[in-house]
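Shown below is the structure under consideration.
Per-chain numbering from 1; labels A, B, C and D assigned in written order.
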Amino acid sequence: MDERSKKYIIDQKSDFQSDLGIINQEDLANAKIGQTLTTHLGKKFKVIKPSVNDFIELMDRRCSILIQKDIGTIISKCGIGSGSRIVDAGTGAGAIALNFGNIVGECGKVYSYEIREDFAEVAKSNIEKFGLDNIIEIKNKDIKEGIEENEIDLVFLDLMKPYEIFEDVYSCLNTGGYLAVYAPYIDQIETSYKIAKKIGFIDLSIIETLEREIEVRNQGTRPKTRMVGHSGYLMFGRKI
Amino acid sequence: MDERSKKYIIDQKSDFQSDLGIINQEDLANAKIGQTLTTHLGKKFKVIKPSVNDFIELMDRRCSILIQKDIGTIISKCGIGSGSRIVDAGTGAGAIALNFGNIVGECGKVYSYEIREDFAEVAKSNIEKFGLDNIIEIKNKDIKEGIEENEIDLVFLDLMKPYEIFEDVYSCLNTGGYLAVYAPYIDQIETSYKIAKKIGFIDLSIIETLEREIEVRNQGTRPKTRMVGHSGYLMFGRKI
Amino acid sequence: MDERSKKYIIDQKSDFQSDLGIINQEDLANAKIGQTLTTHLGKKFKVIKPSVNDFIELMDRRCSILIQKDIGTIISKCGIGSGSRIVDAGTGAGAIALNFGNIVGECGKVYSYEIREDFAEVAKSNIEKFGLDNIIEIKNKDIKEGIEENEIDLVFLDLMKPYEIFEDVYSCLNTGGYLAVYAPYIDQIETSYKIAKKIGFIDLSIIETLEREIEVRNQGTRPKTRMVGHSGYLMFGRKI
Amino acid sequence: MDERSKKYIIDQKSDFQSDLGIINQEDLANAKIGQTLTTHLGKKFKVIKPSVNDFIELMDRRCSILIQKDIGTIISKCGIGSGSRIVDAGTGAGAIALNFGNIVGECGKVYSYEIREDFAEVAKSNIEKFGLDNIIEIKNKDIKEGIEENEIDLVFLDLMKPYEIFEDVYSCLNTGGYLAVYAPYIDQIETSYKIAKKIGFIDLSIIETLEREIEVRNQGTRPKTRMVGHSGYLMFGRKI
């Protein structure tokens, strides 16, 4: 991070060049978290331990990204953790897959289906840069043609008609595993609910979350004037 | 889980006894996820892969538990994942620590401070039962006397006056690490914000999340009549 | 209002009897707002100027009452005031009609359709007691058989299938007049929107309002733990 | 309203001129609601019965206007109607006073205090144009120097430190009358609550309302992406 609070992702194998000057490769290779590096122009850069959110903020995004609050809800509702096995579709730029990969770690696995080749390429590149390519597998396939994995703990779907593959989802899940669906329209989520119920998913629930920011100003404290009114509905079901 | 959807945590070292009959120890020891076991009364039990939420639902709770939606928000906002190092206070029954432990896994660590001995004992017992005692360390200490760890990625505080230890929190964090505060009263969060700002935390934000359930009935679809209006505010800050 | 903050509606033509004693008719007939009356047992009663809400709180209610927040929204969105002419269906216990009648006053008029005879009787009785029977006309008729009024400023519908009579609503409205629909289910409101659009209503909008209470306690200030998550959606349209 | 849905307030004493042509004074003087007038250029204008909201939308606004949803809540919570007597401060451009005036009608009265002369002038002009100058009295005075009216049903305050005049408010109210306070900051409303309680107001409550719009699109139905997160808190109290 530079003196203007702008963040950078650094490749430690070559010199770093910016409008504030150059830091040579040797300094970068030896840099430790918390250390301050100085460019040949005397400008200072701080080495920070990046979080998955820093990375997603900086990465190549070609399509809209499911907002953070919904990711948190999915993770906590489904009890996802280190070692979990997750199937995710559609990948998009890979933001959700990165969040999942960051959590399941080396003992877990994320299989992410994306039908569009261009999105799949972007996602692959993003995941390699963050060093999670051994954990996350991007599959440039139509998930409607079949889920090739099994013993899955969570299947997360962000598709136009998620309910078309619920039977297949049911088959690939562990007993106790979860289905999570994200959909912006109430009609999509209503149909999803009815089909999931018919197939036999239990503990079905639909939720929406509203996140509001609070401002502390000199005059006093108050919620912000503008907020996000809707991202999408989330539906959850469980296989027993 | 029995035929009435009631869940049980099973100790595989002895026979399981319930009002629906007995399952002998041998069957339990060999049980696999998804299998159905039958009691001597012919009642059926399904073996499910438990999620951390199943466990928290069933465990010994002597104090109120921070609700799920806030846990998800903390995890996603702070980019916590496999391998993260977390300090948490106060522990209570250990629900938050269990959630964190489930995510950081074997490569990570959770240090959980609880001043009350009775709570610390309950939490220790809960954590052993879930098998996370190698990951989560319950410390029966007053966190105000000092944080003994360092290179921490997240300090989460659920205390009456969290701001009393913000200097100490700052010291123990990695560059790039997060402070997260949960507080039910606006006054607590306002003071926290002002002190965190003075100490030098950046990216300060305060949020509240509202979660609303949607019902799909035969007559139509609608949000539920009653909802939780407030659990607490969350404040986030980052060390750079 | 007695010493326990319990409110009463008094008939000034006879003695008032309660468990706190008797106030004789003469005292009641001469009572002025703000005065304190004393029973033969020495208990005190305060004479307050009743608001329409006091009355609705005390009146005979045989069916659920649309909650206050939605009434306020309808009045302000449709610019209803003294002198407005309103059609309302179904009446129920007459709470909505009373609110409208209280606002339109002697220069205005409220026509309230109720298909069920028992509800219509309750509503009539309630309206007489509050003295608005010259302003509000309760009609024990099925509004689907036709709206008999015209030059109406607002038609408010709280019916299962409000859209069945939108053509008739359009005919009876003033140019510039409003249609307002209350419906608990999203499916009802979606259909209403599509049909209203087809018929030619303009400025169509659908809203929902969430009302949250804040508590000031000694420990601090915070929103209440429980709140109403949903009463109904409101749809508005205008005839031009 | 012209063919582009643009609205105009017409002075019937002279010709109306616009970029779509001229309508002569004689036509305007005889125009009836619902009629279509044609300019010398052949463009059509529809005569609509204006609501108070049309007027507020078009009037001269020099300062921010309390949003509609809060006005509705105040009216319904305080049971305001035809004939009510209201004190209001500060006036601003007069939007709130216009809303109140529209409701209390000829039998009621609104006294609106505004300390700034320029605002008071704008408000006076707006109220004359809407023809409510016999109902609403704009007073270019500091309300802190005393409320000159009595037997008031509602005092509405939108001031920086509303609590400074609560004693005076209490004196001017009818027994059964209401105090309503609008304030954007939680600190203002907290202080208001404590002082109102000390003075003896009963039925104290603080609320905030969130209004969310729903969109019906071809793809489906959903809440809008953006919404207003906060306008202000409302505090209510009652004199008994």
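In the analysis below, contacts are C-beta pairs under 8 Å (C-beta built on N, C-alpha and C of every residue); 3 or more make two chains touch, one makes a residue touch a chain.
These numbers were taken from a predicted model, which means no experiment stands behind them.
> Over half shared numbers or under half: where do the identical copies chain A and chain D land at their interface, same or different?
same
> Please tell me whether C-D or B-C has the greater number of C-beta pairs in contact.
Taking the two pairs in turn, the one with more contacts turns out to be C-D.
> Please work out the Cα centroid separation of chain B and chain C, and write it as a whole number of Å.
46
> How big is the gap, in whole Å, between where the Cα atoms of chain C centre and where those of chain D centre?
So the centre of chain C lies 21 Å away from the centre of chain D.
> At least two partner chains per residue is the criterion; list those residues in chain D.
Each of 186, 208, 212-213, 221 in chain D touches at least two other chains.
> Would you pull the chain A residues touching chain D in the complex into a rising list?
Residues 184-188, 208, 212-213, 219-231.
> In their shared complex, at which residues does chain D touch chain C?
1, 5, 33-34, 46-54, 68-69, 71-83, 99, 102-108, 153, 174-178, 186, 189-190, 193-194, 202, 205-216, 221, 233, 240
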